[in-house]
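Quick heads-up: structures coming right below.
Here come two complexes built around subunit A, the first alongside subunit B, the second alongside subunit C.
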Partner chain A sequence: MTIELRNVTKRVGANLHIKETSLTLETGHFNVLLGETGSGKTSLIKLMAGLDPLASGQILMDGQDISKLNTQKRNISLVHQFFINYPHMTVFENIASPLKVAGMAKSEIQGRVEEAADILQLRPMLHRRPHELSGGQQQRTALARAIAKESRAVFLDEPLANLDYKLREELRDQLPELFAGRGAVVVYATSEPEEALLLGGMTALMHDGHVTQFGPTAEIYRKPANVISADVFSDPPINIGQITKQGTEAKLGDLIRWQLEGEAATLPDGPYTVAIRPNRVLPRRSESANVRLIGRVLVTELSGSESSAHFSFGNDNWVSLSAGVFPFRVGEEHEFFMEPAHCHYFGSDGNRVA
Partner chain B sequence: MQKRSIIPIVYILFLLLPIYWLVAMSFKTTNEILAGFSLFPQTFTWDNYRTIFTDPTWYWGYINSIIYVSINTVLSVLVALPAAYAFSRYRFLGDKHLFFWLLTNRMAPAAVFALPFFQLYSAVGLFDTHIAVALAHCLFNIPLAVWILEGFMSSVPKELDETAFVDGYSFPRFFTTIFIPSIKAGVGVAAFFCFMFSWVELLLAKTLTAVEAKPIAATMTKTASSAGYELGLLAAAGTLTIIPGAIVIYFVRNYIAKGFAMGRV
Partner chain C sequence: MKTENQRAWLLVLPVLVLVAFNALIPMMTVVNYSVQETFGDNLFFWQGLDWYEQILRSERFHAALGRQFLFTGLILVIEVPLGIAIALSMPRQGLWVPVCLVLMALPMLIPWNVVGAMWNIFTLPDIGLLGYFLNHTLGINYDMTQDPLAAWITIVTMDVWHWTSLVVLLAYAGLVSIPDAYYQAAKIDGASNWAVFRFIQLPKMKTVLTIAILLRFMDSFNIYTEPFVLTGGGPGNSTTLLSIDLVKMALGQFDLGPAAAMSLIYFAITLGVSWLFYTLMTKDDLN
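For the complex of A and B:
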C-alpha cells in the first residue's frame, strides 16, 4: 500500500496553501508530518482525504489515480485533534458506523467492533454515549472507529494534542502497535519534534506549505538538509549563527573560533550558516564541548531533570539545554561550551553543505 | 417565607393576573361579566366551552389554524435546514449580506405584505386555502428558522462533517442520520418559534381567508350578536388559544434555555 503525491498544490483564493509537493508514503511504519501550526499539515491531509480539491497535481493510491475520487470512495480513516464522534450514537454505534454504511453483515460488524474495543479498552463503555466519556476515551473511540474500518490509509491529525500529559504518553506508546501489521498507510501530523522521534518511521518536515525534507526520522534529525528543516525539527529552536570559514578555521563573531573537521574543512572559504542543537551547547567544559562562548543569560527554565538557558551574545540569541539542575542567574554573563563536532553547516542558499 | 421571595411572587402574580382573569371569565356567563367585579365565577358554567366544541364555525377555526400552522412549521424548518447549513458551512459571494437581508424580512410589518399577498393569491386561486396562509407565514418564519438553525449548526464542528464523509457517509445520509440528530435541540427551538409566530399572527391569516380556512382568531372577532358581545364565549376561545402554545413550550423548554444560552433565540 502506498500513497503518492505528485506535484500537488492547494489554492485558496489567490494564495497557495500547499506549494508544489511530491511525497511517497508507505505502509509498515509511521509517516510523520512535522511542522508548526499553519505549516500545512492539516491541508495536506485534507488533500489526501479528498476533503479539499487539488489545484494541480495528482494523488495516487497503489499506483491508481484517486485525484478525482470522492472522499467516501477512498476507503480511508481520519482522526482529528478534537475528539470527533457522533454525539447521538453509543460508542458501539460510533465504531460500527463506517462498517454499517459500507453494508457489512451484522455479525461481522459485531466481531470487528468488539475486537477494536478490546484493543482500545473500550469494552465497558460500548453502550455509553461520547459525552459520558473522558477525553481520552473519546479519542480512543475515534481511533477504534479507524481501526475497525480496516481502511487503506489512516490519517491522524494531531490526535494527542488535546489530551493531558499522562494520557498523551500512554496513548502515544500504544499507537505504533495499534496499526502494526494492518497494512494501512499511517500518516501522523504533529507539531512536536519529540513525538516524531518517538514514533520513528519516516518524517516529512513541513514549513510554510511545503515539505522541506522527507526521510527516515533519525536520519533527517541527524542531517537536516537545510536551515529550515533544522529549525523545524528542533525543540527548543536550534541555535543559528553566521560564520566565516578561513582555512580550516570557523570564525563566529570576533572572538569565537574553532577548527573544522571532515567535510566541513574541505569547503571553499567564505561565509556559512552554522546550526547547533541546544543540547550541544552546555554550561560546562568537556572534552567534546570545548568551544567557549560568553553569553548574557536572558531566561532560564527548569523542567524536571533538565535546565535550559536562553542567552545572548553578539547579535544572536541562543539556547543551552543540559541535563541536571544548573544555577543560572538571569542578567549575568555566563560561560557556555559548544560541541563543534555537532555543528551543521549550510551555504548561502540555506542548503546543507556539511 | 423568606423576605426576598416576596418580590418575585408579587411579580409573577402580576403577570398571571390577565391569564387568570381570562380563565375565570370563560367560566362565567356573559351577564355576570357585564354585571361588574367578581373575583370568582358566581355561577360556574361549562356552557362557553360546550358551544365551542359543538359549533362547527367555532371548532373549525381551531382546526384551520392548526392545519396551516403545522404546514407552515414543517415547511419553514424543512426549507431552513439546508439554507442554514449553507450559511454555516460555506463562504460564498454576498453570504453575509444575504443572511442579514433574510433577517430584515423578519422585521418587516406583516401589514406591508397583506395587500400584495391578497391580490397575488386571489389571482392564482389560492385565496382562502390553508396553504396560502402557510406560505405567507413562511415570509417571516423561514428567515427566523434559518437564523436559529445557523447558530446551532455553527456550534457543531466542521470536523464532524469531514469525519462522516471519510467514514463513507454520502451527503444526504450524513445530513439526515448524523447532522440533524446532532442539532435536534435547534430543530426543536426553530419549530417552536415558527409554530408560535404562525399561531399568533392574525393580520395575514385574516386577510387571506374567508370561510374555508378561517383561523380561530378571525372567528373570535365575529362574536358580536344582537345581544352584544358574547364575552364568556370569547374568553373560553381565548383560553383554548393559549393551550397549544403551552403544550409545545413544555416539550422544548430545555432546548429553549440552550438556545438562549447560545444567544440566537
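For the complex of A and C:
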C-alpha cells in the first residue's frame, strides 16, 4: 500500500496553503508529519482524505489516481485531535458505524468491533455513550473505529494533543503496535519533535505549507538538509549563528573560534550558517565540549532531570540543555561550552553543506 | 451549627407577589367563575362542577376541540419538515447568510391582526391578488367566505407562511452549531447524505426541534387573532377554533360560568399535551 502525492497544491482564496509538494508514503512504518501549528499538516491530510479539493497535482493510492475520488470511496480513516464520536450512539455503534454503512453482515461486524475493542481495552464500555467516557476512552473509541474499519490509509491528526500527559505516553507507546501488520498507510501529524523521534519510521518536516525534508526519522534528525528543517526538528529551538570560515578555522563573532574537521574543513572560505542543538551546548567544559562562549543568562527552566538556560551573546540568543540540575543565576554572565563536532553547517542558500 | 429563622420568606416575597398578580389571582378569578352562576349585579350562585360537566358533554365543545387538533396537527405536520428542509438548504457561511436570516424573520415581525387582514384581502375573490388570480385567471372557484375547504386551506397556508420561519431559525441554529469534524467523520465513514441527516444533523437538532415543536404546538393551539380576523370562525362554524368559540361564549353570549369552565379545560389540555410532547421527545436523554 502506498500513497503518492505528485506536485499537489491547495489554494484558499488567493493563498497557497500547500505549496507544490511531492511525497511517497508507504505502509509498514509510521509516516510522521512534523511541523508547528499552521505549517500545513492538517491541510495535507485533508487533501489526502479528499475533504478539500486539490488546486493542482495528483494523489495516487497504489498507483491509481484518486484525485477525483469522493472521500466516501477512498476507504480511509481519520482520527482528530478532538474526540469525534457520534454522540447519540453507543461505543459499539460508533465503532461499527463505518462497517454498517459498508453493508457488512451483522456477525462480522460483531467480530470486528469486539476485536478492536479488546485491543483498545474498551470491552467494558461498549454500551456506554461517548459523553459517559473519559477523554482517553473517547479517543480510544475513535482509534478503535479506525482499526475495525481496516481501511487502506489511517490519518492520525495530533490524536494525543488533547489528552493529559500520562494517557498520552501510554497511548503513544501502544500506537505503533496497534497498526503494525494491518497493511494501512499510517500518517501521524504532530507538532512535537519528541513524538516523531519516539514513533520512528519516516518523518516529513513541514514549514509554511511545504515539506522541507522527508526521510527516515533518525537520519533527518541527525542530518537536517537545511536550516529550516534543523529548526523544525528541534525542541527547544536549535541554536543558529553566522560564522566565517578561514582556512580550517570557524569564527563566530569576534571572540569565538574553533577548528573545522572532516567535510567542513574542505569548504571554500566564506560566510556560513552554523546550527547546534541545545544539548550540545553545556555549562561545563569536557573533552568534546571545548569551545567556550560567554553569555548572559536570560531565563532558566529546571525539570527534574534537565536544566535549560536561555542566554544571549553578541546578537544571538541561544539555549543550553544539560542533564542534572545546574544552578544558573538569571542576569549574570556564565560560561557555556559547545561541542564543535556536532555543528551543522549551511550555505548562504540555507542548504546543508557539512 | 445551623441557624433557623424565617428570613428566607422575605427573599422570595417579591417573586410571590409578582406571580400572584400575574398568574395566580387572574387564574383564581376564572376558577371562581367556573363554579358559580352570575347574572350581573355581583350576585353569585354556587354551581359546583355543573359547568364542567356541561362543557365536557357539549357537542359544540367537541367540535371546536376537534377542529383545534386538526388545525394544530396540520400546521405541525407541514411546518416542522418544511422548516427543517429550508434550514438544511440555507447557506452556512458567506454574504447570503444575513440576507436569508432577515427574509426568514420578516413574517414573524408582522403583528398578528395585520397578518389576518393581509391574508383576508389577499384572498378576496374580486380584489385580492391571489383570489382574483385563482378565480378569474385560472377559473378555480375559490371563496373562503363560502367554502369551508377554501377557508381551511387559507388559514393553514397563512399559519405556515407566518410561523415556519420560527422552525427554520431554530433548526438553523442547531445546524450551524455542528462542527465540521462530524461531517468529515461521516464522509470518511462513507455515509450517504441521508445517513448524515439521520445520524448527525437530526440528533444534533433534537433539542432545538423539541423547543420548536412545543412552541408551535402551544401557539397554534391557542391561536385566536389571525383566524378571527381572516374568517371570523366561518363560514358557519367551520373554522371556529377553541379560542374563537371561547370568546363567543364569554363575550358574545355572556355565559361567564361555562366560559370559565371551558377556559380551564382548555388550559388543562394545552398543559397536558405539552407535557406529553416534552416527555416523549426527551425520553431518550433521561435513560
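Just so we're on the same page, the second predicted complex is superposed on the first by the 354 of 354 C-alpha atoms of A that agree within 3 Å, B and C clash if a C-alpha of one lies under 4 Å from a C-alpha of the other, contacts with A are read in each partner's own complex, and residues count from 1 in each chain.
Going forward, contacts are C-beta pairs under 8 Å (C-beta built on N, C-alpha and C of every residue); 3 or more make two chains touch, one makes a residue touch a chain.
What you see is a predicted model; the values in this text were computed from it and never measured.
> Clash or fit: subunit B against subunit C, after overlaying the two structures on subunit A?
Superposition result for subunit B and subunit C: clash.
> Check whether A:88 is in contact with subunit B, with subunit C, with both or with neither, and answer first, second, both or neither.
both
> Can A:102 be said to touch subunit B (first), subunit C (second), both, or neither?
The answer is both, since A:102 touches subunit B and subunit C.
> Between subunit B (first) and subunit C (second), which does A:72 come into contact with in this model arrangement: first, second, both, or neither?
In the superposition, A:72 touches subunit B and subunit C alike.
> Considering only the touch criterion stated at the top, classify A:80 as touching first (subunit B), second (subunit C), both, or neither.
Once the two structures are laid over each other on A, A:80 reaches both partners.
> Could you pull out which residues of subunit A sit against subunit B in one structure and against subunit C in the other?
Residues 49, 51, 71-72, 76-78, 80, 82, 84, 86-88, 97-98, 101-102, 145, 149 of subunit A touch both subunit B and subunit C.
> Would you pull the subunit B residues touching subunit A in the complex into a rising list?
Going by the criterion above, the answer is residues 157, 159-160, 162-170, 173, 178, 181-182, 184.
> Within the complex, which stretch of subunit A touches subunit B?
Touching subunit B: residues 46, 49, 51, 71-72, 74, 76-78, 80, 82, 84, 86-88, 97-98, 101-102, 142, 145, 149 of subunit A.
> Please give the residue numbers of subunit C that touch subunit A in the complex, ascending.
Subunit C residues touching subunit A: 179, 181-182, 184-185, 187-192, 195, 199-200, 203-204, 284.
> List the residues on subunit A that touch subunit C in their complex, please.
Contact set of subunit A toward subunit C: 49-51, 70-73, 75-78, 80, 82, 84, 86-89, 97-98, 101-102, 145, 149.
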